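Chain IDs A, B, C, D, E and F follow the sequence of writing; residue 1 opens each chain.
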Amino acid sequence: MTATVASSLPPRTVALSRATMDRLIVPSDVNFHGNAFGGKILADVDQVAYITASRHAKTTCVTASFDRADFVAPVHVGDLVRFDARITCVGRSSMEIWVRVDAEPSEGGAPRRVLEAFVTMVALDADNRPAAVPPLALETEEERRRFAEGQARMAARRREAGR
Amino acid sequence: MTATVASSLPPRTVALSRATMDRLIVPSDVNFHGNAFGGKILADVDQVAYITASRHAKTTCVTASFDRADFVAPVHVGDLVRFDARITCVGRSSMEIWVRVDAEPSEGGAPRRVLEAFVTMVALDADNRPAAVPPLALETEEERRRFAEGQARMAARRREAGR
Amino acid sequence: MTATVASSLPPRTVALSRATMDRLIVPSDVNFHGNAFGGKILADVDQVAYITASRHAKTTCVTASFDRADFVAPVHVGDLVRFDARITCVGRSSMEIWVRVDAEPSEGGAPRRVLEAFVTMVALDADNRPAAVPPLALETEEERRRFAEGQARMAARRREAGR
Amino acid sequence: MTATVASSLPPRTVALSRATMDRLIVPSDVNFHGNAFGGKILADVDQVAYITASRHAKTTCVTASFDRADFVAPVHVGDLVRFDARITCVGRSSMEIWVRVDAEPSEGGAPRRVLEAFVTMVALDADNRPAAVPPLALETEEERRRFAEGQARMAARRREAGR
Amino acid sequence: MTATVASSLPPRTVALSRATMDRLIVPSDVNFHGNAFGGKILADVDQVAYITASRHAKTTCVTASFDRADFVAPVHVGDLVRFDARITCVGRSSMEIWVRVDAEPSEGGAPRRVLEAFVTMVALDADNRPAAVPPLALETEEERRRFAEGQARMAARRREAGR
Amino acid sequence: MTATVASSLPPRTVALSRATMDRLIVPSDVNFHGNAFGGKILADVDQVAYITASRHAKTTCVTASFDRADFVAPVHVGDLVRFDARITCVGRSSMEIWVRVDAEPSEGGAPRRVLEAFVTMVALDADNRPAAVPPLALETEEERRRFAEGQARMAARRREAGR
């Protein structure tokens, strides 16, 4: 099953554009109490989301929005942080990317969820105008469920922006 | 009038902790089509919000959440970008910071709104536990209105987090 | 009253090009004793001066000179530093920018003056040749006094360069 | 089957410490002809190797050596580069990490191998002395083959260092 | 002949603390017209001056002042820039460092002087108080001349600071 | 005596392209135990090698390979590190650069060898194709010996790459 957006481009799977990044938190990421700045984490979330979006669209992209993001656990210097980005849903030229962030101390200890974010990216053509993106080839029940949830969030964003 | 949160700390005004940052967008901020990465902008939003929060609380802080943020206009290499952060509302140890981002081409042209963000920061003591923050001394009608709106958003965030 | 340099460009006020930057000093700004490198501070002084100059001239600019700059107080990791840049005086294509730098510990304590600098910037056209800049519309007695002092410094720099 | 090095630490699999990093090559990674600096790529190779080593050893590590590394294809601005690091072989306190680097243009086109590197990392205790590392639990025929090849390279490095 | 400042520390020559740095100007050093930011050059001047000062004093140092610095030639992306720092003169705990900056296009062409700067550094002890520095062992006629000129500048700086 | 590679370009000496870099290791270069990342050192080795190669070839260059590099001593925050790059040998469009890295604590103590590396760089023309490089004018017995050793390594690299 592929997404219902009409497009002449061949559909692409979620797996083809998934992006991951393992990163060590170093002194230049943290304040002088050893806590990572939230903005440094968001900058990395944006980078992996960008990579997933441009792998799917095969063109340059631009960040359209970040949904509300809660830092549910702190990140410290020396932590190993894993960013995992997957496309959930596509519109004509927009894509919703789901990014999960987990951290674990490099010297052992249980990993913990830090953040979950939904980033909307828009594909652009050479003149910086929105470009059509390939439909999403959904392969699993879970991917279909996430696609439907993503469509509901996309509709809600349009309603909110219309206020 | 000061905010209603009971506290033994002397109240502080909105003006005392306002922070601004003018920044030139340089080649290392942009992708190879000249568009600034959204995450670089969010990292700067977090920095000015951090400065406002720590100016108000006089202690180290940590980012608790970013509300939904829409990039309503692009940012290009060579743009002059202004970040303006003000505290709107305080809880016991949390603060809501309102950040506006505007850009204008350095070679002339009208400024444009890029982004508006609400960042929640939490004050921490020396043991990284939430610390009480000073009440907010509200001086204008507009500050009182924003405080009320901020309280509503704080309540909504607690409801959402409780889901 | 506007500056006496003849120009077909409409005069612009000091306020229109003023630039400020609030910045937190982080571990990557300091040596391993926690003191900020002077050169990191000067790089930021140059950035805000550049923004003021290019806001006034509406064109790209280049740094021509830094007057003698004394670091009269140290800057430590965790300090909040404010850079404040204002144009004082213009020549045909050159501008004198006055930058003040103040620091305060993010965990409370009195702010202190760190540095005061006069930076000369030159406006450039598309071929990297000096370009005419708008005259300065002086609005206050203090701005007029600073303009006169700036003209004296500009003349002294020309004499020194002529040696 | 686990590696033959005697150790009181529980063995860990190759999969547990594998690290990957997807990265977009931006203007600050390249010279002014758009080619990425080899040293920027090696710095990232070292980062993912460090993460794999410290995930296996659960302690801080230090780079002991890089084997000869050939850049068999160029990397350009706008490329998406994937770094993939796996542990191949362990000694008492040293680990050999195998890192593969592949690049593909973000606007489409076939991926290409850029580099393959073997990095030797040493685990350190709190006093910066070599620390014992867990044995490697080998799960596949390929992992066993790579372990044997890694042991041969480790022996060759010791011989060369002894010269 | 050694400098006349009384000190129990053994004198050190100019050559022992000379520092040089060759650097390629990359896209992240320049504005979007390809001109290097003056502040980036000054940050590097401060770094090599710091290295010379700390090589002479064998302790941590802090920048006390920069004398007036004129950018007499522009620096472009792709230029090879050489920074050359030598100590000219010492006081009880202060040192004057003379830094010359030259640039040449990496693709050929004559080198040109970009900047000459005199940086005053102060040696600090473990409590961040001024620390005595070794006397300067002058070896050539030119070093003696520069020492005398440096003493005159040091005296002039004290007079100016006393205003 | 000049190198035997036929070329219409005038020969250039080893001294003309030698590059050095003195650098202070700062908190952003190190892990949270104060040890410099090996990859940060290799990135700097690549930079000085690039400068030497492009000074010799007077054109843009690209890193072709790094020979095996052993970190024979650690590098700590606060160390002064000196990189010294010299060309040893040239082929038609390739150059072998020999880089030595030494470190000494900025607060005194004996310098120590950290690393020795042989980097192969290739000169490129405007279309990113290999470009002929000037022959090497050898001036001392030691330079002639190093040239011969470099030719042997170049031949060995070709044999290994041919596998």
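In this section, contacts are C-beta pairs under 8 Å (C-beta built on N, C-alpha and C of every residue); 3 or more make two chains touch, one makes a residue touch a chain.
The model shown is predicted, which means the values in this text are computed figures rather than measured ones.
Using CA-based centroids throughout, the chain positioned farthest away from chain F is B. Relative to chain A, the most remote chain by averaged C-alpha coordinates is E.
In terms of their C-alpha centroids, the spacing between chain B and chain F amounts to 47 Å.
Averaged C-alpha coordinates give centres for chain A and chain B that are 23 Å from one another.
Once the centre of each chain is set as its mean CA position, chain B and chain C turn out to be 26 Å apart. Across the assembly, chain E contributes 24, 27-28, 31-32, 47, 50, 60 as residues in contact with two or more other chains.
Pairs of chains meeting the touch criterion are A-B, A-C, A-D, A-F, B-C, B-D, B-E, C-E, C-F, D-E, D-F, E-F. Residues 31-33, 35, 37-40, 42-47, 50, 60, 62-71, 74, 119, 124, 128, 157, 160-161 of chain D are the ones touching chain F in the complex. Note for the complex: chain C touches chain B at residues 19-24, 47-48, 50-51, 54-55, 58-60, 78, 80, 106-108.
Put simply, chain E touches chain D in their complex at residues 24, 26-28, 77-78. Partner chain C is touched in their complex by these residues of chain A: 27-28, 30-32.
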